[in-house]
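Each structure below appears as structure tokens.
After this come two complexes, each holding chain A, first together with chain B and then together with chain C.
Right, the complex of A and B next:
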């Protein structure tokens, strides 16, 4: 096997046009990625009266993820242990969103992204206990009496249909919760998931109506209304609260939830590698030629005479193809990714907190996608024994679905999702850094950075394709006369 | 080490490419593998190298099937198609990957380069090689593993006379080193003065497996020319002895069916004078043509002048 590997490596490195093709992999990846990122802003402006494009940014939640934390807050301080109770009598809006929220909340501070726990009613998703942006527990939908109890670091949510019999919905420990926190009523309405980017002044509002508001424990006693996380141009003037006797009407917009694209202006890290498909084509051509050129010249006879174990020949070729493509692609990604990040950041894009491990997964995973695609091309080349057929086939199954599903929204989401589940393009899922949340309605589409499969699941699909094609190639190579 | 081919049969669709091909290639001699195009020579060689799988029958090198050989080029060196080269790769690198595939050091590449006289051109791209240079490169590749068995398919193709002479000498040298050498050709004349043994292929089997001397002797093409003044007596005497006698000129007879010695003895015994007896040997080519005439795949029809045309 060592001899076969050495022979294939010598073969590879001694053909200048192949080395050129190998060089094209990082070159095309970097150049195309550069050109596609160079002019892309984050969609934040310029707004009327605001000629300058604003950099996008999102607060970071206690869990380290980018979050939305915009709402209208009627609040007062609560010191030490205490209880907050209110009866939510209604949610109303000109365009009531399913996930429009109004309820009671205990929040660490007024700073966006700070820890919280809330009992809330929604436009169409019932009563829920939510905390720290990602936590979400459903309660009985008919009970509109809401209660939060603070005990030390623990906050427990209850609800009740009559204000007398309380049901515990859930509780959460908010570590390091200060002695004095903000407690009160809130309202927030996310923008409809169908509209893409945020449009100034067009965010819908929701009004929550409350009665029977009581606070026990050490509290200030008087209410104040504040728009939390207000970013100037994005807020219309609708945020307000009115108090008439014991009845509060709180009108707000925004959301308290994990940030998801495209509602939140976060850019997937994969955006830095949009040129990868061009380098990928070079990798596919290279992988194909490494086998089909042998058939074209009749060299395959000599190769198989030199090593009668055809499985080994194929394995050696696959290893050499995979290794050189991986290294070339990794070189390209190692330039394109930081460069793209730098440019996109300069253009105001916000990636959210991305851990080093995640970034490495995207970079190394993308290089591995190249390597697997090249191996797939080698296998298809072995099966087809013809360069043109093999190159076309592999581009159609690997690159085309990616372009159709990810690069531009030309397909319906369902079709795009199925392409990225079934075809080898599923491997691109490895670039995914976004997570879907059931408690946030959004356009979870591939072109917004959401793949139907988890990163490693999608990658496994590509592996299965490559291995399957390789197995068929080995079978045919063994059975056929050379 | 020898090559043993036994009862090979292989069918490609409608064509029975091999139909019981059987022969042995012994060390120490050059075995010519001749036959018209389509007789199954190349297919046999491809079966020996494990490239084609026979329907039935076996082919072994030194008693082992090809796929059982470790580093096969050190057992049997071969050249099937001299044009099978990556045009962008230099000739030296072509030999280098082959050497690496057999675990051989790069030093062997330089040695075989010198052996075939390609040192001047070895750094050039193989795509620029003439057919003659490619044949030499192919032979160099076959010699990489210094194998005891060498098998070359049509090595004379596209060679100039000087190249043909060089290969003949080279093959004789290999046989002299006690290697088994199998060389195929569709032209018997190329193997003249080179092959010791002949396997003649026709329609997928060996129609003759014989030494060159035996083949010529067996051919019916030998005749004797006799010059005598006693033409009538000689004709009668020789015809009675069973020869086929024809008068081909004044005082000249052509005799078939008797050797020169027999003829001289017969004439002397009967007191018939003669001025010259000369024996004519059938050429190897003629012997081969006679043997393979019925096996030639495509035969040209005899030319007939169209009606109305006068010679």
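Right, the complex of A and C next:
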């Protein structure tokens, strides 16, 4: 095996055009990534034809993720332990969103992104206990008496159908909650999930109607209304509250939830690596030629005479191809990713907080996608023995599905999702940094940066394709006359 | 010239792979078009372009067209046939011209069959889903334009392959030219996006299929096909120049 590896490595490094092709991988990756990042601005894409500049930054929640924190808050201070109770009699809106919210909330401060726990009713998703943007527990949908109890750092949510018998829905520890917090009623209505459905100044609002509002514990006693956070250019007029006797009507817009694209202008980190597609085509050509040129020049007979174990020859070729493309691609990615991040950041793009581990996964994963695509090309080259057909086939299965699903709106979303589940293009999921949340309605489409598979699941699909093709290639190489 | 043409036609007709590739162009175009037409539904906001949807298989069909165009000349370099060809016909440019004519003729036949099948099978499927009726002129323009698109893609491939000779490299370059522009356009700002879509061979060329909302497209149908024609002409000129001055 060592001898076979050495033979293949020697062949590889002595062909000048292959070395040139190898050099093209990092070169194209860096130059074209630089071109696209230098010419992109924040909020590009999600709202075609809509002259709205999105706010290109989001508050950061206690869990370290980018969040939406915009709502109308009728509040008073609550010092020490206490209880907040209200009866939510109805939600009304001109365009009631399924996830429109109204309810009671205990919040660390008025600063967007601060810790909270809330009991709330929704447009169509029942009564929920939600906390710190990502936490979400469903309660019985018929009960409309809501209660939050603060005890130290722990907040517990209850609901009740009659205001007498209370059911505990959930509780959460908010570490470091200050002695004095804000407590009160809120309303928020998120942007509809269909892209571009909202014109500037026409963000939908929701009105929550409350009765029987009581606060126990050290509280100020008088209510004040404040709009928390900035809804941005879509904001419509109408946030307010009215109090008539014991009845409150609170009207608000926005959302208290994790931030998702395209409503929030978050840039996927993979956008720093668009040039990789050009480098990838060079890697595919290289992988194919490493096998097909042996057939073209008759060198294959010599190779197989020198090393009669054909599996071993194929394995050695696959190892050499994979290793050199991985190293070349990693060199390109290692420059393109930090450079692209810097430029996009300067252009006003917002990535959200991304951990070092995630960034490494994207960088190394992308280089591994190159290596696997090159190995797939080598295998298809062995099967087809003809470089034109092989290069075409591999580009069509690796690049074309990505193009059709992500970068071009020709296909319906279901078809786009299936392309990115089944074809080798699924491997690009490794670049995904966005997360889908069931409690936020959004267009979770490839076009908006959401892959149907989790990063490693998608990567595994590409691995399976490369290994499957390699197995078929080994079988045919063994059975056929060279 | 007629002898050269006859020679090229004989070569093209007797090569088994050409038949398979032509069938590939037609089958891939029809199969994907009909599949997309059958699964596409009008969304709440818009219906999309019925002509574009019913001809969407051209995204895949063009890949076979690229291989066909490349192999017209690269195949000869790969097996040494080019020496015989140029010995028999020492004037090189007429050889390239004859190849271009034969390739265009074959592509015309395959693409015409594909487009007729797509339109006959796909448009009724879409009409069923509530797509509006197209003005006949626009429909004919989209259909004939798609045939022209595939012919021009063939010529682009022939020109690039003549210049670089290696079939794998030629296919890589042509598909990179076709597929990479839209990816970059997706990630750049609106100004650059528009510019890239105006100059890219695939996005500009496929503008010929636009039948609705023409004013908001980055480039008009005929101007778009003209951009692709310019790419093909440029590639053929480059290929011709290289063939004329290089040792075979």
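One rule holds for everything that comes next: the second predicted complex is superposed on the first by the 460 of 482 C-alpha atoms of A that agree within 3 Å, B and C clash if a C-alpha of one lies under 4 Å from a C-alpha of the other, contacts with A are read in each partner's own complex, and residues count from 1 in each chain.
Following the convention adopted for this analysis, a residue touches a chain if its C-beta (ideal position, glycine included) is under 8 Å from a C-beta of that chain, and two chains touch if they have at least 3 such contacts.
Bear in mind the structure is a predicted one, so any value in this text is a computation, not a measurement.
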Putting chain B and chain C on the same copy of chain A, do they fit or clash? fit
Measure off the angle at the C-alpha centre of chain A toward the C-alpha centres of chain B and chain C in the combined model, and quote it in steps of 10°. 50
Specify the partner with more touching residues on chain A, choosing between chain B and chain C. C
May I ask you to decide whether A:224 touches chain B, chain C, both, or neither, giving the answer as first, second, both or neither? neither
After the superposition on A, what does A:399 contact: first (chain B), second (chain C), both or neither? second
Given the touch rule stated above, what does A:391 touch, chain B (first), chain C (second), both, or neither? second
Taking the superposition as given, does A:306 touch the first partner, chain B, the second, chain C, both, or neither? first
Once the structures are superposed on A, label A:16 by its partner contacts, choosing first (chain B), second (chain C), both or neither. first
With both complexes overlaid on chain A, does A:282 touch chain B (first), chain C (second), both or neither? second
Which superposed partner A:271 touches (first chain B, second chain C, both, neither): second
Report, in whole Å, the shortest distance between any C-alpha atom of chain B and any C-alpha atom of chain C after the two complexes are superposed. 12
Quick check on the output: what are the common chain A residues between the chain B footprint and the chain C footprint? none
In their complex, what parts of chain A are in touch with chain C? 32, 35-36, 39-41, 44-45, 49, 194, 196-197, 271, 274, 277-278, 281-282, 284-285, 288-289, 292, 296, 386-392, 395-396, 399-400, 402-404, 406-408, 410-412, 414-415
So in the complex, which bits of chain C are touching chain A? 36, 39-41, 44-45, 52-53, 56, 59-60, 63-64, 66-67, 70-71, 74-75, 78, 166-172, 175-176, 179-180, 182-190, 192-193, 216
Touching residues of chain A toward chain B in the complex: what are they? 3-4, 6-11, 14-17, 293, 297-299, 301-309, 481-482
For the complex, which residues does chain B have touching chain A? 46, 49-53, 66-67, 69, 71-73, 78, 80-81, 83-90, 93-94, 96-98, 100-103, 141
